[in-house]
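Structures given as structure tokens follow.
Look for subunit A in each of the two complexes below; its partner is subunit B in the first and subunit C in the second.
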Partner chain A sequence: MALAIRRPKVPAGLQRRRETRFAWLLILPTVLFVGVFTAAPIVGSFVLSFFNYSVIAPAHWVGLANYQALLHDSNARAAFGVTFLLTAGIVIAEVVVGLALAVAVQRRMNWARPIFRSAFFVPLLVSGASISIVMSYIFDPQFGVLNYYLHLLGLPQVPWLNSTWGAIATVMIVVTWQQLGFTFIVFSAALGAVPKELIEAARTDGAGGWRIFRKITVPMISPSILFTVTVGVIGTLQLFDQPYVLTHGGPGNATQTVVLDMYQQAFQNLRFGYASSISVILFIVVLIATYLQFRISRKWVFYS
Partner chain B sequence: MSQQPAQPALAVTTGHQRPAVARRATALHGRRRAHRPPVRRTAGRVLEIILLSAFAILVVAPIYWALVTSLRTPAQSFTNPPAWIPAHPMWSNYSAVFHSVPFWDFLVNSLLVTGFIVIGQMVTCCLAGYAFARLKFRGREPLFWAVLATMMVPIQATIIPVFLLIKNLGLVNTRTGLILPVIGTAFGTFLMRQYFLQMPRELGEAATVDGATQWQVFHRVYARLAGPPLATLGVLAFAAYWNEFFRPLIFLSAPSKFTLPLGLVTLQGYLGTGSVSVVLAGVILSLIPTLIVFLFAQRRLVEGLTFGSVKG
Partner chain C sequence: MRTINELTQRQVSRRGFLAGVGATAGMAAAASVGLSGCGGSSGGGSSGSKNTLTIAVNGTQSAATAISQAVSPAFKQAHPGISLNFMAINGTDWNDYFAKILTLIASGNPPDLTTVATEGLQLFAAKGLAEPLNSYVMSDKASLQGFFSDVHPVLIESMMYQGDLYVLPTDFNCGNMFFSTELLDKAGVSYPSDNWTKDDFYNVAQKWSTASGAVAWDWVVRLWGSWTSWMYANNANLLSEGRWPGGSWMWDTFYKNDPAAQGRQGGWHWGTPTANDPAVVEALQYMIDLKNAKLSASPDVGGGGTLQGLFASNHIAMTIGGGFWAGGLHTAGMTPTSFDVQYFPAWSVQKHLLGDAGYAMLKSSNNKEMAWEFMKSLTEPAALGALIAGNTSTPTRRSMMTASRYAPTGPAHWPVFYGTLDKFPNTTPIPAPPYYQQLATAFADRTTQAMSSGSAKSALDGLQSDLEGFASSASS
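And then the complex of A and B:
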């Protein structure tokens, strides 16, 4: 239709060429930046993972040696293990708690909704690194406020930052605390879109609250659950800021995440090739995790 | 934010479910209960509100603790119980941050880096989003999907080559080195494209008939209408890069070039536990810009964060 109007003025061929030229001009910055700083580096990471490179000396080809070393590197294996553990714990916690909060706030507190929303939302806006400074004081096993109050309540003090499980729990709590606002607003938006008639109808038929939640609410918001789980898994697999500041990966390597390990190998040990192989494996893990979630989701996600 | 709570409230008052409305009113305003609703339900509701409030307080507590502790004397700052209500606020901690550390540098660096990234992303994404949505050209689809695919790439998977690239360009330890690599973004392009797709085609066609050039159609017609999505993009980019830690940690080594999160973490390292309150004052100061953005652009922020959740 557009062409029909334009045709009397400019020949169609010229018009098309002009539009192509104009379009390329507009997308050039994005294509250039994304190409140079994301697409090419991803190839670069793959290539570099077959070399030994320390910046100081020229790179030399080592074939699959980095990957073989990675396979036998107990430190790296521990890093992947703890990263999966943290990912599972954090994603389950943030989805379950976020959903519970969204349901509770949604139900009958119109007046208080903005207050609660702000409260749950604010941690999301804070730098993970800066807030981890605050958290490292709060969770300090000896002088921290948290253990102080646990003690007042007659509860045992927890060796938060200086024991394996304490450190893992601390990282989980801090990250969940930050991400809660995200799952909360996503679920709030989704719950608001569930047709009320559906729930009323079920109630008229005599269904109880939990049954309605299980059989109607959850299926209706299942796309949002998939979304939060996917975003959560991708994000948590790349966890870095919080463990770096809170524990530096310790005690020992209890909270040494994959990215922390990669960071140390590359920028402290100058093993760029080896570190690249870690990042390549992490990338593949992220891709597989995302693929699996979409695959499995076909069974339970409901699109109306 | 202003509309969200108003609508359901309206639905309640005009709602068809009379008993529900009555129950709600009694629960909320503490008026005398009607005869029918059982005590258990009201008690349950009160319990629910109490639990929710307790949880909300718990969520906000760490930030509040940081605020009140930043107002204690450095000597007291690590003693318990915390001073939840500061009797003698030590505002001098805040000036100490500026005096004892290159806090001004951190602040200026953060503002410059974040500012340029935000503006850069808004410009590139607006242009590309428009082209992908509204212009016809060969290779559009494959190119769009190629750009979109980079959204899947975690930053850690590219950081080493990007660092080497930045190093070879002589941009290590510069603000430019932080800004340049993230000027183009797949997410922003996608976001802008979706908005341009929703805009009526007739607007551009009418302008073309009136003799507008392609640039004018974009610039005078569509870009003028792109304020809301651009604001969403800008607010998201601001929140992301103001808080960024990973890249600055790798790209910067001179404290005079540090951005706020990196500066504060470094500060914590060498000040030790002696001046917790000063470090916390710095943390609180670094929060202020994000809180301002939150106050004024909460709706945009929510919109941006939930973008994608609708489509599944």
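And then the complex of A and C:
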């Protein structure tokens, strides 16, 4: 159908500039939103890290003093150690268990995949704080449901929240349980996209299930593994809700994560400059971790 | 209808583009200004208008609404045209509450008044956030004489800092021992007497535990009423106890003939850290020993809600509590006779810890005169009664401690609450210096460390080092 509207002829260069301008106009709200609520606070934190600032008194320039103090702060060093430990444990558990569940459901109960997908995803929709409150009743060493059933089974009771390793394990279990839905869905989608003819060809050639999984399935879903690991590492390095509610960072500082330490320094100790220096270091750590993952991924991620 | 292509190719005039950018930038700038307010100084005045008093309350919105309904009508009748805006700030504990209040002040939106407990009194006073009340009190001394003559001087002194008074205390709680009469009866264990000792406590705990197979006692990791009660009973403290000079204006004016006011000065001065003093270590080690003997549960960190629930559901036989437990246990379904209270047992001494609370006027308030009128109104028995209806705390006015007040909630030995102040002149506030927030965090960390490692000494050596650092930073 011919258009009745007649447009004036516009030179190509002018047309391109108009389009570019209009495109900028469209993305401007997002750019401003990110600028004001993400970039500006990042820059603000960086600037603040060179000041001694208690919020209720004027800020004083202290140069690198906050970073020097951070170097000598054994609590902050411990918090980074705890965070790395939790990140390693949680990300590995999320990937391994998520993948195992996705494979099991795909092979044995493909018909029930939507049910499992919903069941595993629901915890992800609930806030970490709410889940942690419920979990604190389950994992309570003295009066918790879990130890009650362990006792019924004749098993020894576990000091979940009041021993160093019990508290670390509890935080890992709770976070992994909550995040599992995400990795499950990503791996379910990735497994569904693995070409069946490749697997059938391998089977025809006599390859067993484990060998097919290792040599075909894993390489084919390796981009998804990289994605879940990257997202998991970035998220877990910023862990706060669960240790804050479950253990308050204890016992001692056994589950004191970097963000929890940052929160305490800022909002309880009123050391906003110092807390900002911790956030800057954490930002650099996240950047390095992400860069290393992509760098190493060249050796094991297969993009078909 | 035009196509997408047509829409995208439509000319956008320069004026239209600039107007769009301008509007968007304006919104962003407004947002930025809002954000930058977060980092502003505390110089901003209170958020309310001249006719509105904004009062921050530590609790849920429903609690704030209840307080508002209880005290607003009388205040508004006396001060027509003034409205009260109760702002609920739900802190998990005082530390959390103060963090939120300080953030509110920093954001340029401070209230006129805020609830302040012993925990934060020196924090607010030392940082210049709270207004001293000396001149207000002295200019209204005639109308306040009745209040002060009805309030024990220790409750006033604990609200003083460096000779100045900052709060007219409305309620208080001493660390007493609550026990379940129902559980002790079942186990055939006799109730503790008022001069019972640590050994008596141990015997009761052991008898109950043997009879029931359950833990006898529990506590919460916090500064008020945790193992700190045992530390006080062992005549020790985390910081050396002293007093600021001054305060004679108060004692000479209102407590001249009160023997309980003898020797009182300008508020508690918390000095050098003594957290690894042998008596302090002994107190915390006693908690570890009780846990190892399965006479005590592993304590939670926090506000004590879980502990109250466990006690109310008959899971534990004894715990530390104050007058506020009467209302809490009643609300949780306990009958007035199913629990009772006794003084805290003696160890090397019989000494109790204390915390009281009230409203502080912020220096930034633009409505100071009206804020003072509100503070004064809360000294009236009717307002105080409404404020702590249902025995959610203990009134500071002695005359309000009556049998009829405790008849609906219990406990039978309610005179213990005020009796702690009268019978034990050594009752002392919890150690809450200006660096309370750091102290509270380190205290919780080191206590859980001790309970998990089983070594009180190493944890308290760590706490001593923490406190020395905080004290040094605070004084520099």
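Operating definition for what follows: the second predicted complex is superposed on the first by the 278 of 304 C-alpha atoms of A that agree within 3 Å, B and C clash if a C-alpha of one lies under 4 Å from a C-alpha of the other, contacts with A are read in each partner's own complex, and residues count from 1 in each chain.
Following the convention adopted for this analysis, a contact is a pair of C-beta atoms (placed from the backbone, for glycine too) under 8 Å apart; a residue touches a chain by one contact, two chains touch by 3 or more.
Since the structure is predicted, the reported quantities are computational estimates derived from the model, not experimental observations.
Undergrad: With the two structures laid over each other on chain A, which partner does A:I133 touch: subunit B (first), subunit C (second), both, or neither?
TA: Touch partner of A:I133: subunit B, not subunit C.
Undergrad: For A:T164, decide between first (touching subunit B), second (touching subunit C), both and neither.
TA: second
Undergrad: Where does A:R18 make contact in the superposed view: on subunit B (first), on subunit C (second), on both, or on neither?
TA: In the superposition, A:R18 touches subunit B and subunit C alike.
Undergrad: According to the stated criteria, A:L32 is in contact with first (subunit B), second (subunit C), both, or neither; which is it?
TA: both
Undergrad: Could you tell me if A:G44 is touching subunit B, subunit C, both of them or neither one (first, second, both, neither)?
TA: Both: A:G44 reaches subunit B and subunit C.
Undergrad: Could you look at A:A119 and tell me whether it touches subunit B, subunit C, both or neither (first, second, both, neither)?
TA: In the superposition, A:A119 touches subunit B alone.
Undergrad: Can you tell me whether subunit B or subunit C touches more residues on subunit A?
TA: Greater contact footprint in residues on subunit A: B.
Undergrad: Just subunit B (first), just subunit C (second), both, or neither: which does A:P141 touch?
TA: The answer is second: A:P141 touches subunit C but not subunit B.
Undergrad: Looking at A:V186, would you say it contacts subunit B, subunit C, both, or neither? Reply first, second, both or neither.
TA: The answer is first: A:V186 touches subunit B but not subunit C.
Undergrad: Which partner does A:Q268 contact after superposing on A: first (subunit B), second (subunit C), both, neither?
TA: second
Undergrad: Intersection of subunit A residues contacting subunit B with those contacting subunit C?
TA: 5, 18-19, 22, 29, 32, 36-37, 40-41, 44, 48, 55, 143, 267
Undergrad: Mind pulling up the subunit C residues that touch subunit A in the complex?
TA: Subunit C reaches subunit A through residues 6, 8-9, 11-12, 17, 20-21, 24-25, 27-28, 31-32, 35, 39, 41-42, 95, 99, 102-103, 105-106, 127, 129, 215, 218, 297-298, 300-302, 310, 315, 437-438, 440-441, 444-446, 448-449, 451-453, 459.
Undergrad: Which residues of subunit A touch subunit B once you look at their complex with the stated criterion?
TA: Residues 1-2, 5-6, 16, 18-20, 22-24, 26-27, 29-34, 36-42, 44-45, 48, 55, 101, 104-105, 107-116, 118-123, 125-138, 143, 145, 148, 177, 180, 182, 185-186, 189-190, 192, 196, 200, 223-224, 226-228, 234, 237-238, 240-241, 244-245, 259, 262-263, 266-267, 272, 275-276, 279-280, 282-283, 286-287, 290, 301, 303.
Undergrad: Which stretch or stretches of subunit B touch subunit A in the complex?
TA: Where subunit B meets subunit A, its residues are 1, 4-5, 8-9, 11-12, 17, 24, 27-28, 45, 48-49, 51-52, 55-57, 59-60, 62-63, 65-66, 69, 78-82, 123-125, 127-128, 130-132, 135-138, 140, 143, 146-147, 150, 152-165, 167, 180-186, 189, 201, 205, 208-209, 214-215, 218, 239, 242-246, 249-250, 260-262, 264-265, 268, 273, 276, 279-280, 283, 286-287, 290-291, 293-294, 298, 302, 305-306, 308-312.
Undergrad: Under the definition above, what is the set of subunit A residues touching subunit C in their complex?
TA: 5, 7, 15, 18-19, 21-22, 25, 28-29, 32, 35-37, 40-41, 44, 48, 53, 55-58, 140-143, 159, 161-164, 167, 247-254, 256, 264, 267-270
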